[in-house]
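So, here's a batch of structures to check.
Same chain, two partners: chain A is paired with chain B first, then with chain C.
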Partner chain A sequence: MSTETTVEEQVTVASKVGLHARPAAAVVKAANELPTVVKIGKDGRVVDARSMLSLLSLGAEHGDTVTVSAEGPDAAEAVAAMVALLASNLDEAS
Partner chain B sequence: MPALDTTRPVLEGTGVSPGIAIGPMVHMGAPIAELPGPVSGGVPDIEFGRAQRALDEVARDLEQRRDRAEGDAFAVLDALSMLARDPALIDAVGAEVDGGRPAPHAVDAAIAGFRTMLEAAGGYLAERAADLTDLRNRAVARLLHLPMPGIPEHEAPFVLAAEDLAPADTVDLRPGHVLAIVTSRGGPTSHTAIIAKAMGLPCIVGCVGIAEVDDETLVIVDGSAGRVTADPDADEIAAAERRKEAREALLASSAGPGVTADGHGVQLLLNIGSAAAGAAEEVDAEGVGLLRTEFLFLDRTTEPTVEEQTASYHEIFAGFAGRKVVVRTLDVGADKPLPFVEPGPGDNPALGLRGWRLIANNPGLIERQLEAIAAAAATAPCEVWVMAPMIATVTEAEDFVALARAAGIATAGVMVEVPALALQAERLVEVVDFVSLGTNDLSQYTFAADRLVGELGELLDPWQPAVLELIARTATAGRAAGVPVGVCGEAASDPNLALVLTGFGCTSLSMSANAVAEVRAGLATTTLERCEELATLALTGTDGRDARTRVLAALTG
Partner chain C sequence: MAEVTDLLVADAVRLGCTAADRFDAVRQAGEALVRIGAVEPAYADAMQEREQSLSSFVGEGFAIPHGTDAARALVRRGALAFLQFPEGVDWDGQDVRACVAIAASADEHVSVMSTLAQVLLDPDQAEELRTTTDPERVLELLAPAPEQDDETQQPQETL
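Presenting the complex of A and B:
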């Protein structure tokens, strides 16, 4: 297994209300279940996706581009999962 | 029993949900406003451990309650527990203890920082700030070994006393466990009053004296009279038991259509707002007086198709065979933004493009809804009436009726919730098949008082004579023209106010399911002539409280 690889990918926030409310809660829940720590960045700020408060502070709106990143052997898998989630319609997630 | 006890206090408040309860009173834990000193000191590592444990315990408590909850309650508790476990919050608490603060102060300061950030952002985020305050109160109470804010743990059923209840508190209310609610603040339209009514719990708000009554004091709560008797004697308890039983027997024997003691019929209908109307179908009512259709449109990214809407309406209509269902067309605006509805400009959602006004910049939206309702009505086993919300002029009413008829709807009417339309009632009844008074919005617009501002509760009291006058005017016009005039707001679910509305000449009353038996029982024991006297009396009130007091005195005197 290779070590300390950093994986980074950009994605457009699909949720109509941005990363607030239920979409943000869905991101936090998913991040807690991923095998490694995933971070989400916007405009130079990078935060832990497991933190609702940090996600809210990003103020990511519908259509904004955010950067998803992770490190370690599971990074590629974790980033891909988070990117897929952010690109999906989180408004109807419960 | 103490011999001196001859001046038992009787506390007065505003009765907002009827019924009698007898039991020990317990105060809800109040949040700790000021933290006791010292504000610095302690070993950072130890203080951090304490703070972490407290947040973890709060999170686990919230998660346990969440797992027992459903629907909105689940979402509220889920969001709160997520905040209690937030890694950014834990980091911030760590920074505060490193700066020398003891655990309670560190939690307080860390949460205050995030709260400021959310409040500055405004909108949805500012609402989340209230969740943080709740979390802070819970964690601080845990750290200081003080009672947890919220509904108290109490083995035996009890009467809950509080300053006022927050939405998160009401999540924990269990009927059978909480016997009644008495608050020192709040008005007839407060969240507490609405929840208590929905749960069928006797409730008194604005009962200032309750704060002085000690925990575990036996109290009698009379929600109909707005009276609390603290520490009653054996005779008072026996009398209350008798009245409670008589009332329960009356409610149990109440059945069938709404009718006054002298045989004047008043239709008793239901307010429903979801496809899960199964429970409502079982209620002994003459149909639905207000079917809110927003549930079909909320939480969606695209407008439901005509076919989808038709299927949903059909399902609901099928449950009310042989009865009547009044459908209200979509009532959304800037307050409940939908991705596929253009809200238009304006900072004040209540005064902007909402309800019928959406037609201005959403071509086809209301037409498609009418098409679906008409299609479902064509094969429905019940009578289907359709009405539009937020109609302000007689011309708008004419436009809606024409649109509904063109869609194939046989019975078309409008809501009266804008005072301007009530003032035109005589001309309005010439162009519609029926009228339904939405008293909640009618109050908001008559008093220039936002429904969401708790402090304005007194102005929004449905007993306010100014609103009653608008109702009376509309009902009188309807009676003269032979046009049915119903009431579908909060007012119709108050059994005493229901008598007043009947006295004005309203032909139907629409309410939540658990208010029906009470309203029916009240009507059954009162003649139409008596209702008319009470109606005249209510109009002489100087404000809502005074009108209510006058009618109550006439009923009990």
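Presenting the complex of A and C:
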């Protein structure tokens, strides 16, 4: 058995424009600052949230449900932070 | 819904370009979209506006300049333009070797970027797009013939 803890949570993308432009930039920035690697998945495609190209490849639009996941001791905290970010309106984020 | 395969034509593929800076590169990208009749000339101005407000750098040596949300009305038809800069362009501290300019309606924009991003995420395809001297290869990589696999067994829509 692995001692690694996997945390996974679903969230609806709140940003009006979906996950690109400013919202995607905000997600990439936050993901790079989190203590563990956070992944975002949609329709079976799971990508590293630290990469803009990977995020764009998801094609996540406003109202789409995505799955946020992370592993390790900091997983719960990291997933909660990313879920909160995705559930907020990032359209005006800078 | 338009696919990337429908969006890139040979006239919009420019290899061996040089640009003084990223705004010059975006200007050239806008001109390419105007030249093929995909957008109103004012869309090119909106691309500059978008670039000034937020860099369109996406990683792997690529930028994807496009207009502001408000400028979508200036899009006549969905299209891409490909501009390669073999000497590189300083993109707000990042090294950009190719731009894929996007003209898309609000409905298409996210799916076009998704398809494009999946091509650019392939290291071999990305490297070839950054370095090829053959415009046909760009078309083959960004506008490939529909694959005959399980995902495309539905009849192709014809207009």
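Keep in mind that, in the parts below, the second predicted complex is superposed on the first by the 91 of 94 C-alpha atoms of A that agree within 3 Å, B and C clash if a C-alpha of one lies under 4 Å from a C-alpha of the other, contacts with A are read in each partner's own complex, and residues count from 1 in each chain.
One rule holds in what follows: contacts are C-beta pairs under 8 Å (C-beta built on N, C-alpha and C of every residue); 3 or more make two chains touch, one makes a residue touch a chain.
Note that this is a predicted model, so its numbers are computed, not measured.
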Checklist entry - Between chain B and chain C, positioned on chain A by superposition, is the outcome a clash or a fit? => result clash
Checklist entry - With the two structures laid over each other on chain A, which partner does A:Asp48 touch: chain B (first), chain C (second), both, or neither? => result first
Next on the checklist: So in the superposed three-chain picture, is A:Ala21 touching just chain B, just chain C, both, or none of them (first/second/both/neither)?
Outcome noted: both
Next on the checklist: After the superposition on A, what does A:Glu61 contact: first (chain B), second (chain C), both or neither?
Outcome noted: second
Checklist entry - Between chain B (first) and chain C (second), which, if any, makes contact with A:Ala80: first, second, both or neither? => result neither
Checklist entry - Do chain B and chain C touch any of the same residues on chain A, and if so, which? => result 17, 20-22, 25, 51-54, 56-57, 59
Next on the checklist: Can you tell me which positions in chain C touch chain A when the two form their complex?
Outcome noted: 54, 57-60, 62, 69, 109-111, 113-118, 120-121
Checklist entry - Mind pulling up the chain A residues that touch chain B in the complex? => result 16-17, 20-22, 25, 28-29, 47-48, 50-54, 56-57, 59, 89, 91-92
Checklist outcome for this item: Given the complex, residues on chain A that touch chain C span 17-22, 25, 51-54, 56-61
Checklist entry - Of all residues in chain B, which touch chain A in the complex? => result 75, 78-79, 82-83, 86-89, 114, 117-118, 121, 124-125, 128, 299-301, 339
